[in-house]
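So that you can tell them apart, the chains are marked A, B, C and D in the order they are listed, and the count of residues begins at 1 in each.
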């Protein structure tokens, strides 16, 4: 048994450090052989994916893998429970597809070394964040993701993009420092940054509401939720769709993940927040959906859609300990939204690269020239809309059903309206871009690698819906462990 | 004590004159006089060695530096001097008011708590000073040496004539 | 603590304060570099007086004397360097007017 | 005899010896740079590897605090000497530069090792005089003005500090740290409080804290680039901030000065950052940034707790590293592009990739973005503020890092990112003499940030010696 635990620790270390440290090797390798660099980048992310799958059985059995070291701020560095492994699997899977897609997309541009370095470092620090067992480490990885996305948004170095990158960085940094202040408030009360110790300390006593507000400021800014959402549409527009995807499908999930990690698992919070946060999330969902309905820029629409969908995830998680189903739904939503939204962004990327426009009023009839892309887009859109039997349906159903049971009626109604608006704006996009008359752009299907990754994501959206049992079992196990308490 | 008082009053007067004097030359001479007065005071307060330093270095060397600086930079024409003198007097009369105010404040509400030991026993001050200077406070002597070296660099660099280029 | 002692502290302190005020006023208000230096010198006179007085009043004349000697030596170096700067400024600018310093704002 | 050349004595005697030897008519002028480089490396080496507690024969002592400072002094001097080799073209000027840096090192090394108030003043004065001459080195009007302004402010500060020394002498009859502190603990009000106030005010002038910051931007901006590195990186920090830390740590003033320090620190942070936002000149912006960062150190000291002192020292070290790095970058940019006006620069990252990257690292470290070094010291400071019951100041410190980030991002955007400005096509990466320090400092910033869990126990915490 002891041997097994050592092995698991090694796996966990490997999972985190391979991409983080490997990222620094990529620019060096890239000087020698770009092809090898591309392979290594994918391999780094795949190592994370394989490792998190390898941890699957262990954590399902209820074991928590811990990596410990004596530091000045707490002895535990990383720990892996169901929630963390779930999140790591989702992000490394989506991340691997992103890197794969990049082989096709980014090969047309300069500074590829920098690009792969940033993407892999981003995914690595995402892993670190997910498994962090203490608040400071979590904050450190949090900021590394912010740093890398700062440089990715400004990747093409146009003045406007650099300004927007700075804006996104400033906004998330603003939220993050407030969150840090909240952490320090908690540290002042409990005398530790270690999450397990904090969990014992705050199992019955609520943390101060001011600390909740400060931490929420960080989460909302990272997850691009009202009132700190404006950076995401801007960030989604300026750079390549790949980075946009990175932000929409992975980065924004950090906020909701940390919400689950801190405000559900670790701290008890005032029940008031179980109404306030869903209300904020609802407002965010409705407003963003409204913006998506009138916007004409393809990538901005998808970005607004992301803001709107994040609201649903927040709803599922923020109902809190009252409803296991809603939390499980929220977790599943992270998975389903990752696949589907990733697919949408990558389709947008193919469309943009081949037609050189993002304006949906100037597009049309692409279904004939880009059949695979069109079908993939439709499948992913269905999943986001929540049409059965696609993956998105189950998560959306569980979230809303959970909300209906244990939160005020008006909140549920807001989200039902939001869900309808989702259907409308996505249908509008699909019709305008892929149906109707062609507007005479030079149109052709994207490269094999790019179309392949899009199709893969669409396939995953279907499969995850058809075999919903697998992921939902896991999500429910995670929720049990989250709420179980006592299980360190 | 009265003599000390008179010396200090004289010193303040000299300092004031140094500030208000018509020309810089007179100002630096007034400063030398204030220095000399201070030297006298130090001497009367059992500090003959420091008094000698004050007299030779401050009243002597520094005045030489000032005067040579003044002579190196072009002196003003008499008209300029007059104009400047008038202007300066305008700027400096508040100083007299300020001094008066300070005096009044000091005399009226002086709440300096007195502390420390009793009045000095003037033992062998010279021997004691020698011991202190060369044993206990070697660090300061070392510092003086380094400082003088730095001063040499300063003079070499800053006083150098401009190259024609 | 005898009565004479407590009356002596203000006695020296008062004159030191007067010298400080004169010196500072001169530093702040003067428009000529050399006059600023004269102000500095007056300020230093006040400090010297204070140190000697402190030694005198606490019975540590020898210590105070030692400190004063060091102070005087360092002071002359500072003045020499300052004079060097003044001369160099004059060679560059042909003026010693402080108000002509373009960037004297904070 | 063996003790006569022990480490503390070496640290003040060797640079002096070097200056004397190269100036003797032996034809050794070429050795000045080598002497400086070797000595600064030697100083860093000993500070990193040798046990810190030794007493020299002038009662010089190296404790944890001195050790960190000596390390920073060696580092910044090393960087500055190499940068001078790379950017000062006139041979004679360069020779003087090396000599003055060595003299300033004597001053700074002595200053961090002495245990006596008056000797402290002596060494502060040596350092300051060397700095005046360094600023005025080129004898251009700007430099002379900056030097004169610094000289005046510095002399006023000195007068204040010496009056404080005199008052403490009057109150306690002593000038050594330990004895004065002992006497102060026995009780004291009135005279000691006045003395403490005067001393702190003097040191705040020297440190360039608001409201006494007027001289600092002019002095930094006007100095030759290599001298700015020395000034901004270490000189004002040792002459002003170090002395403040030392006096607070030895309990010289009790906690009476805490509110003043907290207020001065917070105002400096915000005012410095706001002023930096509006600058066009690269170095002037860095100068205001220095004011702001010194504010953090002062604020941390204001807590009056052991943790606060640790935060202050740690931040001082980090500041020495990242601010020198920024000044080195400014040096490289001005040397290659010929201007420091940020509005005339742009897109240099494409031409100067190393400098551009180093600048990103330095600015993020300054703004306190993890995992770089600056984050950790700011974290310690904020925790110290919070634990000592000043949550409002903690919030100010945290939110001000947003301002820091704002002006530095703007700098980075205008100088390094974006499209290459017309007329800058010919710009090349800086020479090796500038690149070596750039890389070294970048590595230190990143290394300290990443390796902090290992350093915390062995390097950071021992700085506190209460």
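Basically, a contact is a pair of C-beta atoms (placed from the backbone, for glycine too) under 8 Å apart; a residue touches a chain by one contact, two chains touch by 3 or more.
Worth saying up front: this structure is predicted, and the values here are computed from it rather than measured.
In summary, no chain was found to touch both chain A and chain D.
Ranking B-C and B-D by contacting C-beta pairs places B-C first. Ranked by how far their CA centres sit from the centre of chain A, the chains are topped by B. Centrality by Cα centroid goes to chain D. One finds 72 Å separating the Cα centroids of chain A and chain B. Note: centroid distance chain B to chain C, computed from Cα atoms, is 6 Å. Between the Cα centres of chain B and chain D there is a gap of 32 Å.
For the pair chain C and chain D, the distance between mean C-alpha positions equals 27 Å.
The set of chain B residues that touch two or more partner chains comprises 112, 116-117, 137, 140, 143-144, 147, 150-151, 154, 157-158, 162. Touching two or more other chains at once are residues 118, 122, 125, 129, 132-133, 136, 139, 170, 173 of chain D. Looking at which chains touch one another, you get A-D, B-C, B-D, C-D.
For chain B in complex with chain C, the touching residues are 1, 4-5, 8-9, 11-12, 15-16, 18-19, 24, 27-28, 31, 34-35, 38, 41-42, 45-47, 49-50, 53-54, 57-58, 61-62, 65-66, 68-70, 72-74, 84, 88, 91-92, 94-95, 98-99, 102-103, 106-107, 110, 112, 114, 116-122, 125, 128-129, 131-133, 137, 140-141, 143-144, 147-148, 150-151, 154-155, 157-159, 162. Interface of chain D with chain B (complex): residues 12, 16, 19-20, 58-60, 96, 99-100, 103, 106-107, 110, 114, 116, 118-119, 122-123, 125-126, 129-130, 132-133, 136-137, 139, 170-171, 173, 188-191.
The touching residues of chain D, when paired with chain C in their complex, are 118, 122, 125, 129, 132-133, 136, 139-142, 144-149, 151-152, 155-156, 159, 162-163, 165-167, 169-170, 173, 175, 213-214, 217-218, 221-222.
Residues 9, 16, 20, 23-24, 27, 33, 36, 40, 43-44, 46-47, 50-51, 53-55, 57-60, 63-64, 67, 70-71, 74, 77-78, 81-82, 84-86, 88-89, 92-93, 101-106 of chain C are the ones touching chain D in the complex.
Within the complex, the chain D residues that touch chain A are 347, 364, 367, 369-371, 375, 379, 382-383, 386-387, 391, 394-395, 398-399, 401-402, 405-406, 409-410, 413, 417-419, 452-453, 456-457, 460-461.
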